[in-house]
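These notes open a run of structures that come right after.
Below, chain A partners chain B and then partners chain C, in two separate complexes.
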Partner chain A sequence: MVDYSLKKFAQLIFTVFGVVTLVFFTLRFIPGDAASAMAGDTISGEALELLREQMGLNAPLWSQYLAYLHGLVTFDFGVTITTQLPVADLILRAMPVTLSIAVLTIVLTVTLAIPLGTLAALMAHRGQNGLDNAITGTAMVLDLMPSFWTALVFLLIFSLTLGWFPASGTISFDSPVDYLKRIALPVLVLSVTQLATMARITRTAVLEVLSEDYVRTARAMGWSEMRVLFRHALKNAALPIVTVIGLSFGNLLNGTVIVEFIFTIPGIGNLLINGINSRDYQMVQTLIVFYALLFIVINFATDIIYRALDPRVKF
Partner chain B sequence: MPMFTRRQFSASLAATALLPVLANAQSGEQKTLNIRFYDDPAGFDPANIFRVENENIAFNIYSGLTSYDSQTGEIVPDLAASWETEDNVTWVFRLREGVMFQKGYGEMTADDVIFSFERIMDPATASPYASQLAGIVRLEAPDPYTVVIELDAPNGNFLHTVANYHQGQILSRRAVADLDGQVRWNPIGTGPYYLEHIDVNSEIVLKRHEDYFRGPAPIETLHFRIIKDESTATIALRNGEVDLVMRSNREENLQTLQAAGFRMNMVESYGIVLKVMNLEFEPFSDKRVRHAIAHAIDYDAICNAIAPSLTEATPSILPRWMPIFSEDIPKYPYDPDRARALLAEAGYGSGLSFSHLGTSAQGVTEIQQFEIDFLSQVGISMTMDLVDTPTFNQRRNAGEFEMATRLLPAINPDMILFNYLHPDNMSPGGLNGARYDNPEVTELLVAARSEVDSDAAFKLYERAQQIVMDDLPYLPGYSNNVFWPGKTSVTGVQPNYLGQVNFFQVDISAS
Partner chain C sequence: MTYQTEIAPPLLDVRDLCTEFGTDHGTVKAVNGVSFAINEGERVAIVGESGSGKSAMAMSILRLLAYPGRVTSGKVRLEGRDLCSLSERQLNSVRGREVGTVFQDPMSSLDPVMRISKQMIPPIMRSLRLSREKARAEAILWLDKVGIPDPERRLEAFPFEMSGGMRQRVMIAMALSCRPRLLIADEPTTALDVTIQAQIVEVMKTLTAETGTAMMFITHDLGLVARFADKVAVMYAGRIVEFGPVRDIFCAPAHPYTQSLLSTIPSTKALRHERLAQIPGMPPDMKSPPQGCAFRARCAAAVARCAQDAPELSPRGSGHIAACWQPKGLEGCKRTACESRPQHGGNRPPRERTMVEINRLTKHFSSPRLFSRGPAPVVRAVNGVTLRVQQGETLGIVGESGCGKSTVARLLLGLEQPTSGEIFIDGLAQMVFQDPSASFNPKMRIGAIIEEPLIVKSWGDKAARSARLRQLITQVGLEEAHLERYPSQLSGGQRQRVAVARALALDPSVIVADEPTSALDVSVRAQIINLLVDLKEELGIAFVFISHDLLTVRYIADRIAVMYLGEVVEYGPADQVFDQPAHPYTKALIEAVPLPDPVTEARRATRLLEGELPSPLNLPKGCAFASRCPIATDICRTEKPVLRHPMKTREAACHHVNSI
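And now, the complex of A and B:
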């Protein structure tokens, strides 16, 4: 285990270095820079040159790269180019919002998707295709709805017509109830998009297990259907489901970008979009490193859970 | 003994908790206005401020020597109570006495004015607005309430240069020294509101400056909430989460809000959208081709079809409300036959094609689709060259295009006339992207600047407009209207010709 962790850690350093370098150079190969993005419509070329100088964009590339690496190693992420605010502060403040949305979405999705998927599998296994088709059909429709569209429809229904949730407003952890009301719609929208995939994977996995010999044996031993389902079928179907949960957590970090825009959530997706649009190299570079680290942590956690679920998995 | 049920108990608790809030709302002393803000703020240092949403915050924090009347766009006194000049070269400004800076930084004097201008002019500040003040050769304060400015050449539009906008905004020398030059997030001015709190990712809170020289503003707190999506902003207003929407710019939302009875505060002709024709591109070097393009596109029809509230066809490169605007200029009514004849005359009877630079973010706009269609009817093929926004800005600044669009939000006519028509400002260095150079026009513009008599200056400007609209290096398309829809209880919202609202005039009525 310790050996495994050390090896993973070495890999991690290498991966992060690769990501950092790649991001640094790709960002700068995109035409346009922070100065021209910021100045927009009404600036002359001469004034733009002044602005570029002021933003430090005229320094040679290699010296910018070395300064960046030095910053990373010393945990000094610098200030954003456009706002001159400390990048690390901005990210640390935005992170809890995005993470809480992602975690709640996973919880809600898992709570809904696993029973639904299992039910569909059970029905399919028994040859009762009506309910199975209804569930898989609905999942497919939900899967195909783009999240920006779902978000607007949900806003119209739950915010404007029913008045259950606000469309905008301050995000603060001071009042948990207000906080939950504020992030309810983003969580619902993201859950809808994740639900479909997870329910389908659950259905396939459980259905496969249900036709295994050991399930038949369990049934033959006279165990109740429930016990067969939970003790044998679901437990053995858990591996692909855990994989999908891990993957969808990653997807969610991307998915929040759109819902954060529509629901005006000040999360890291918002920072990323803004950073890219304004060519704020400093912000995007740091965020990408952060994303990379998060993915590595998620993968690591998935590995650990694999091992807990299935003793045959060896590190 | 009477007992509270649990429900009664919590109801009475809630009622007690509500009492002080109601009392405050009734006395009207704690008025708060919730305003939609549409992008992440980028800071409020006059030396490097950009984009109208940031400028609007700065407009309410700072003052200039002069300012603009929201309704008419005319220059009005601000920190300067009066001014005089005999030759448009030497300007004497008499300052108001007893004007106080925010956050206890004391009285504003001539020294602060000189400091603010010198800060912009200092190359170390690297302000893109330094060129606006480049003509200043002498800056003096004979006493604490007088500022004398001498220019290297006459400039009849100098009062625009020192208005409450960009380089004209006055900072406190002491505050800037205390803040070690970090003005961007610590703006301190003499305006009606000061910055109390900011979270660049979600909100900006302005508080009333109690010592404002015109007296305290009616509303105590301005709470700007960042809502980027237009549909969300519309729903937030309908839900009552905000009271006022800064710049609603989608036709369908405007119609929904109007039908729902909201107050549609607006200003007409903010910024003109121009087609820049690169005169070095072969077909555009022929004036007949430029005229043909003008005759080929029916902007009246386009505006009415797409966004009748938001756009209006416009005949000139200057907006109608400018005092120097002249109606007596060559015009190009929709006339496809005339366009075809002009093209044939110029040797393009069999057609011609060019590319139009645009952003992939915007794609091919509905208006551009109409333009393409109108042009194809006279045998001109316009294709869109779509690139990402920073590349677009870079190429447009460098003059690397055949045709491009420019939005001209300007209140100072020189911002349009000098920047776009003077050969000194040709791209890549300047904004003259057509690379237009007509010595007669240049001479007229310079002469008009030194003319002290406004009628005589008007004649010179009129002649320049006539020549330019005949040469047609820029094709005026349409002008934009800016809307700030709000609740009917919110009064006094009048966006000025820079698209900004002066919140000193805004109030919330009892209803």
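And now, the complex of A and C:
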């Protein structure tokens, strides 16, 4: 197990390096740069050239790249090109908001989706298709709704009509209740889409396992349906479910960008949108590297959990 | 068996059991009024082909049927209690505790992500009300009893760390450790090698005798029944057609189906020029069972009455009942099946031409690993094999799984590149695979499947190809209409005929058949074997027939090569190898084959081969078979024997072959 983790970790280093490099060059190859974005239509010609010089944009690409790598290794992410504020500070301030939304969403989704999916699978296995159809049908409809649309509908119903949750406003950790109220709608919106996928995958995985020979063996040993379901079926169905949880974390990082924008939440997503709009290389590349690292860490965790769940997983 | 058990009420009493599977295409009446009884400590075999309802019947007893299966009527009494009227919770106290179960496929019947201890100890704690420590000791005891070496360590293993035979032993230990009164074994040895099968059967026999557990043994292998059972129930189309003591069933079978089944098995004394008896046709579709006797359409003794009324089981002897209007079944009917083989002597080419020549063939598989130290592990699948096949000759290759016989087949066809050695083939080699349904594209029509090799080699034009297709399909005993069907619309036997037609398409000089009959039912198997032998005679093709079924190989092959761990250990004419095996491994293989004759079986002193095939990853230095050989001495462990000629016509690789 330790061996396995170490090997997986060693592979990560190559991945991280690849991502970091790719991010840098992709950004540089997009037409337009920070200087022209900052200048807008007002300045041009020599003034713009001066601005480029000041911002270090005229240095050769390889030296910019080396400076960038050096910065990453020493945890010095520089200042934003536009506002001259330290990038690390901005990200650290925005991160708790986004992460709390993501984690709450995952928790909510898992606690709802796995029991629902298992229930649907059990019903389908027994040939009682009514409840199964209801669950899978609802899941399908929810899955088809894009999150920006759900966000607007929820905003309309829960904030504007019912007035249960604030639609916008300041956000702070001082009052946990207010904080939860403020992020409740984003979490709900994100959960809806995640829920559908996860419930469907759980259903498929459990349904397949339920017709396996070893489940019949457990039944033939006289174990109750509950024990068969939890000890044997769910444990064996866990692999695809864990995969989906890992993937949905990734999806969530995308989802938060849209939802934070709609609900005006000062999270990482909003930082990214602002950064892109102002061609703020420093901000954007740090954020993308940050996102990529998060993805890699989640995948790494998924691999380790895989191995812990199924001793047959080879490396 | 004492007289008291005869008088006492039976342990299990099944009355008029009916089971249905409701599908979209209609209701399949899998079990159609089955009644029988099992007494304490008795071993009853349920015999039937796939689709006969034997497994559905067994699963109905404990209500373990998967949806949409459902017991529709009947009573199942276990020591007087009706299991059908129990609630699910009440039934759970019977399952495992009073009735143990062993299933067919040991590879999938144990939970793959749980250690053996986790699967074995809780049932023992529950059934025998023991503490965890005591249950653990009990589990180790039972693992030891079923012959698992180092049981204490093995208890903490995962199923995937064990071989199929070991897993089936674990299943048996799991079932018996709860001290059930009845053990239901559903084809427990079908997935295993013949030597392992013999070991498992012996374990079950001694342990159930020791504990007085009654046993219901479901199988399609009549030989096993003869070795094992006290009584036999023969099932056909969801009903028991014959039931009686094992000797009566084998020596005086009364139902035409039982009689036909027994005659389809190639006997040890089979005369090669006689065709195997075969049962024509296929079992009926259980969605619409025919009126009258279900076997009518395949029965030579059928009379007008059989079409109207289904016969009830009627007494034929002491405890022997059969469901047939004819008092003696097929007896007295002309058995068309046993005719002599037509002679093709006139146009047969001389046989001196060597069609296949294999010289010192080796195939090693190695998997270099990125992170591990030391040399990559090498699997020596084929280790210096030399063989020859003459024109019109059949070479049988036998051995346990893992002996390299399939690798030889793949090498012959060029599907793998040999590590060293030479293969010469005069003409073209084609292949017939084991599982016909898995080797066809399900979306292609039969015609297109057979035509494929012709198109690949751009053989003829469209008209010529279509004429060739019609010729091929009739050659393998199908009709032209079959060309338009899809593989799923054919039965297993028909699909294997199509596979043969495809192999014949390009007029090959050699056909390599890898276990071509082992996926087929007994009654269909004989049809395919007859077809292959006919084609060999007719076309003068050389055959390489690879199988673990020794009786079939003996019947079909002219010469036999016995393989063990990638090497040929004995090679010679089929009859001689079987009648006077020279190598101890050949001897053990032949002894492990159960014969469909309870009298001979009872007399046979079966010396079982111990242990399993060693890993081909680290072959022993001396004789590969030394670790399991009953006559191995020091020289065997240090010095490798080479193939030599102990007899004029035969080769064997053994130091002691002269002393046998």
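Throughout what follows, the second predicted complex is superposed on the first by the 285 of 315 C-alpha atoms of A that agree within 3 Å, B and C clash if a C-alpha of one lies under 4 Å from a C-alpha of the other, contacts with A are read in each partner's own complex, and residues count from 1 in each chain.
The rule is short, and it goes like this: a residue touches a chain if its C-beta (ideal position, glycine included) is under 8 Å from a C-beta of that chain, and two chains touch if they have at least 3 such contacts.
Worth saying up front: this structure is predicted, and the values here are computed from it rather than measured.
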Message: Taking the superposition on A as described, I'd like to know which of chain B and chain C A:57 touches: first, second, both or neither.
response: neither
Query: Can A:207 be said to touch chain B (first), chain C (second), both, or neither?
result: neither
- request: Give one of first, second, both or neither to describe whether A:167 is in contact with chain B, with chain C, with both, or with none.
  value: first
- prompt: Touch check for A:135: first (chain B), second (chain C), both, or neither?
  reply: neither
Message: Is A:46 touching anything from chain B or chain C once the two structures are fitted on A? First, second, both or neither.
response: first
Query: What's your read, chain B or chain C touching more residues of chain A?
result: B
Task: Applying the touch criterion given at the start, work out whether A:279 contacts chain B, chain C, both or neither, answering first, second, both or neither.
output: first
Chain B-facing residues of chain A, complex: 30-33, 36-48, 50-51, 53-54, 82-85, 90, 93-94, 152, 155-156, 159-160, 163, 166-171, 261-264, 266, 270-271, 274, 277, 279
Statement: Listed in rising order, chain A residues that touch chain C in their complex are 7, 125-127, 211-214, 216-225, 231-232, 235-236, 309-312
- prompt: chain A touches which residues of chain B in the complex?
  reply: 36, 40-43, 48, 50-51, 126-131, 184-185, 199-203, 225-229, 231-233, 235-236, 238-239, 241-242, 387-394, 397-398, 406-409, 419, 425, 427-431
Field: Contact set on chain C toward chain A in their complex
entry: 62, 64, 66-68, 88-89, 91-97, 100-101, 103, 105, 108-114, 123, 126, 158, 160, 171, 174, 178, 371
